[in-house]
Amino acid sequence: MNKQIKGPLVHIVKRGNMPWYGAWGIRALAIVLALVACALVTTVTTGENPIQVYAAMIDGAFGTARKTWITFQNMSVLLCISLAVTPAFRMRFWNIGAEGQTLAGCLATAACMILLADKVPGWFMICTMILASIAAGAVWGLIPAIFKAKWNTNETLFTLMMNYVATQLVAYFVILWEVPKGAGKIGIINQSSELGWLPQLFGSKYLLSIVVVAIVTVLMYLYLNYTKHGYEIAVVGESERTARYVGIKVEKVIIRTMALSGAVCGLAGLLLVGGINHTVTTSIVGGRGFTAVMVSWLAKFDPIIMIFTSLLLVFLERGASEISTDFGLNQSFSDIITGIILFFIIGCEFFINYKISFRKAAGKED
Amino acid sequence: MFDLVSFIPRAVMQGIPLLLGCTGETLTEKSGNLNLGLPGVMYVGGISGVIGSFLYEQSLTSPEAINGFLAVSIPLACCLLGSLLMGLLYCFLTVTLRANQNVTGLAMTTFGVGFGNFFGGSLIKLTDSEVPSIALSATSAYFSRSLPFADSLGWFGQIFLCYGFLAYVAIVIAFICAYVLKRTRVGLQLRAVGENPNTADAAGINVNRYKYVATCVGCMIAGLGGLYYVMDYACGVWSNDAFGDRGWLALALVIFTIWKPNVAVFASILFGGLYILYLFIPTGMNLAVKELYKMLPYVVTIIVLVISSMRNKRENQPPASLGLAYFREER
Amino acid sequence: MDNKTPAVRMRNITKTFGPVVANDKVWLDIYRGEILALLGENGSGKTTLMNMLSGIYFPDEGEISIDGKEVVIRSPKDAFDLGIGMIHQHFKLVDVLSAAENVVLGLHEPGRLDLEKVAERIRGICDAYGFEVDPHQKIYDMSVSQKQTVEIIKVLYRGADILILDEPTAVLTPQETDKLFAVLRNMRNDGKAIVIITHKLHEVEELSDRVAILRHGQFIGDMPTKKTNAQEMTNMMVGHAVSLNIDRPEPVDPKPRIEVKNLTVRSIDGVLKLDDVSFTANSGEILGIAGISGCGQKELLEAIAGLQPTESGSICYIEDNGEKEELIGKDPLAIADMGVSLSFVPEDRLGMGLVGNMDLADNMMLRSFRRGKGFFTDRKSPRKLAQDVVHDLEVATPSISTPVRRLSGGNVQKVLVGREIASAPTVLLTAYAVRGLDINSSYTIYDLINRQKKAGVAVIYVGEDLDVLLELADRILVLCGGKVSGIVEGRGAKKRDVGMMMTRLGGNKADE
């Protein structure tokens, strides 16, 4: 007999298809492993029993009615921004400028609240706020889209830079409108008159954004999956040549989709300023624009699954910040935990898409 | 009157972390990896150095017992190790496991910034030390020690000789990287990997190894940027989030310099200058306008990005496979 | 020759891609001082087999020996070390680098990189075999044949003595082909082993010393070229003696449908792709378009379909009542809005005609998703259409929710053609409609096209197989270097005449 061929030790092949339960099984396993890894890290840094730590996390996110409400409110804002970036991602347009687009929405809302105060009736101000915030977000999304459509300018880098332009713009207006002079911040806008504050639903100050985002989620799901626009987005994302072949105007779709993406970000800005914080700062979006990229990607760009992925990330953040308070650690502990879990989930996609076969340990060789 | 002699050194000191970050990222991107985790890497680099140095200073019986060589080499080694681990993590996920580079990078930034702020904020508690804040002035003194004759040479000394050794190292690294990329076999092959991994693979180049090495070395260089910031620029004082968005600015600088580290030496000083220009331009009482000046580096970068895409000159484009995972048997 | 040790001996080589067996226990010997033609239809596994020799793929089973010694080729580097060099059909060059830089890519020569020295050696190789290339020119500035030259130099620079060329002539003009063949003969006389992968019989006859034939991934046999003939080789390639016998009904009431006048098209880089092309396509008739690939066929079809910007000339659509409408300057949507039902089966099925990751039903929607007034898409009729296409054209698919990229080539083409003819077109454009399909699928497609013709559709059929064109088309337009070399009647046309027309005009134009 001839000698056995010595092939490469590990051979990787692309999987044809994995049933959905297999894929979600792997993801679930990854999350479990990630939680174990996080528990180890937590135990090492705090010396506490990991089970207690997780109990503390759950307590932090859902311990009281108020905590639960805040968790869902945070989730709604994150989900809103994630929904916003999703159409762009489906089109393979890497919009990582959601931070800036949301900030633009925040700024426009605050501008209306401050500049129109005592000049127009409250309902009119709110209408203006809605329009202005959506328009501002849309414009912020449009700028990179136009350059992408016309000159194929790299959108990842462009949208990234736009974030910082927005941040500095906000910084400028914060100083311009600061209250009191020299404070370096605006403070609660219209605190006494509550002018331009979005109304409370059923007497709950948390419910409004949750309801709005729930509606946006359903609309986005329908838009992406059942409309002509949604179909065009999918075709452009898969193959620009095919899109042109069937007469889709690719430039138009890119610009339209990014305007939509920015507009929904603007809406998130409206909720943040008009409904939740009633002020604007440079860090009001707090990195949600970047987290949203991960929420959307983890959910495979499916709006319904995004409900769960955004909840997961918000839970981690709130839970981990509870741990840090409990054990006197720094707030940033949550970022570490989030990071670790993300690494596991990101890594596990490989095992869904590829199959590893090891070289057959043939008996002939021994 | 615009005070150039005091402006330039400050611009340079602002520019050095950007230069290190930019050089590292350029190397990484030349291999086709778009590492959006750069800010995280620089944070980790900085805090790793701080941890090393903090532990060393705490272990000393008295501040006078400090050994100059150890005071420099311990933080340096820790910084390099920390950023190397970040680089390995990024490569493992994106090269070996072929994960999406954008998502991995953003997750690394979340993790890295969190890691920096967490240890920056909790180091004292974790080690049960009895100091009010992390101020590594003894170590910092070694890092920021300028050349002995700097003061005696007037404005020349002030502009060219007043920096700590890492600043000169940064400039040397940038020129070495430029040389390696342009003139050597390794650089040629690295460029080929970033442009067209299929071709590079067919030419017998180990694509994955090049990606790993370039990204890890790139991360280590970028990590030094974080270390320089804490030890030299910030005089050894770690405060959370003080490093700010310099990581993203370094990413912008990569585009601005059209992937050329030798250009980055000057561009980083220009960026550093733009970053602090607001301090030098007389705006009177109008503080708000200063914030608009801080926008300049980003706006300029956008303009460069747009112009280079409009001119569409082949040499000035991003590496063609930037952001894409490579799999040989893709069909 | 029989007692010589072969330079390469492949035994029992098997390679599978998922369910597809690309090579099934293949045996092959390659000798030095000999040009071996590896012959087979598209999809017969020629390229896969050679890719395993050059280290791109790793065989699932089997063994390879070089000069009698068993070897393992894990990577292209291993292949180079063994003196094996492959010139791929899709060039493996880095566009932004110069020729010299591309040549030294991946080499581990001692000493520092000295591009001048490299350039010197390249010039030496050029002189030895009669190439012309500027070592410092950037690849993106080069013509296709220059790029191919760089590829060959790259392999020679590495001292390869076993050269594999994958369909090297597909992109060349006849003059360039002649030059290449002369070079290859020089190399053979130099004692190198040369393999050319091809499916063109005349090249086999002209160039090779020995021919080996693959069919459906299996090794059928090999023999000295002198001892065989085209008929025998064809039989071995396709498995049985073929007389094609494609139906060709007489056109019924042909009327001018598409009138192209003085059409000139330049590519984005300014290269003249179509030069003053004029012809008329009639309803109820198949107009075949012949020509070596890259002579403007793609541009012609895309210009008619509204996908290719034109420089001058006109393309008119003629209604039944004789009314003319200009198509130039309109995109596919505008053409459809005019009420012109124009279907196009492009060459690149999964990159242009279909979306690989979408399922059959969604792909059916590509043409029809705009129908109806509302904001929402109609999902029912595409599903119905998908079911009909699967049923009528016997598409082998697990279900209509399967992404089309999982289907085999023939089934993908059936889906595409099925969709395109479903809209009851008056004009049907097809490019390489049977490329990569097995014989049965090909006949299904010919049959579909003929049915369209009988229904009064003006069919424009771009083909690469002259035999098919001669049996299928009513008239044949021959393109050569972007110009119309002539239009002949399909009935009675001689293969040799058409072949001559394909190359005749190129004589003056090719060297530009």
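As written, the chain order gives the labels A, B and C, with residue 1 at the start of each chain.
Keep this in mind: a residue touches a chain if its C-beta (ideal position, glycine included) is under 8 Å from a C-beta of that chain, and two chains touch if they have at least 3 such contacts.
The structure presented is a predicted model; accordingly, all values stated were derived computationally and were not measured.
Visitor: Where the centre means the average of the CA atoms, what chain is farthest from chain C?
Guide: Max centre-to-centre separation from chain C belongs to B.
Visitor: Quick one: most central chain, C-alpha centroids?
Guide: Answer for the innermost chain: A.
Visitor: Calculate how many whole Å lie between the centre of chain A and the centre of chain C, each centre taken as the average of the chain's C-alpha atoms.
Guide: 45
Visitor: How big is the gap, in whole Å, between where the Cα atoms of chain B centre and where those of chain C centre?
Guide: 48
Visitor: Roughly how many whole angstrom separate the Cα centroids of chain A and chain B?
Guide: 27
Visitor: Counting only residues that touch at least two other chains, what does the list for chain C look like?
Guide: Correct list: empty.
Visitor: Show the residues in chain B shared as contacts by 2 or more other chains, in ascending order.
Guide: In chain B, the residues touching two or more other chains are 329.
Visitor: For chain A, jot down the residues that touch at least 2 other chains.
Guide: There are none in chain A.
Visitor: Would you pull the chain C residues touching chain B in the complex into a rising list?
Guide: Those residues of chain C that touch chain B are 17, 54, 56-57, 75-77, 79-80, 86, 88, 92-97, 101, 104-109, 112-113, 138, 140, 154.
Visitor: Which part of chain B faces chain A closely enough to touch in the complex?
Guide: 34, 36, 89, 92-93, 96-100, 102-104, 106-122, 125-126, 240, 245, 248-249, 251-252, 255, 287-289, 291-292, 294-295, 298-299, 301-302, 305-306, 309-310, 312, 318, 323, 327, 329-330
Visitor: What residues on chain B touch chain C, complex-wise?
Guide: Touching chain C from chain B are residues 183-185, 188-189, 191-192, 195-196, 198-206, 314-315, 317, 320, 328-329, 331.
Visitor: Would you tell me which residues of chain A are touching chain C in their complex?
Guide: Those residues of chain A that touch chain C are 2-3, 5-8, 11, 16-17, 222, 226-232, 234-235, 238-239, 241-242, 244-249.
Visitor: Chain A touches which residues of chain C in the complex?
Guide: 18, 58-59, 61-63, 70, 72, 74, 305-307, 331-334, 336, 344, 346, 348, 351-358, 362, 365-367, 369-370, 375-377, 379, 406
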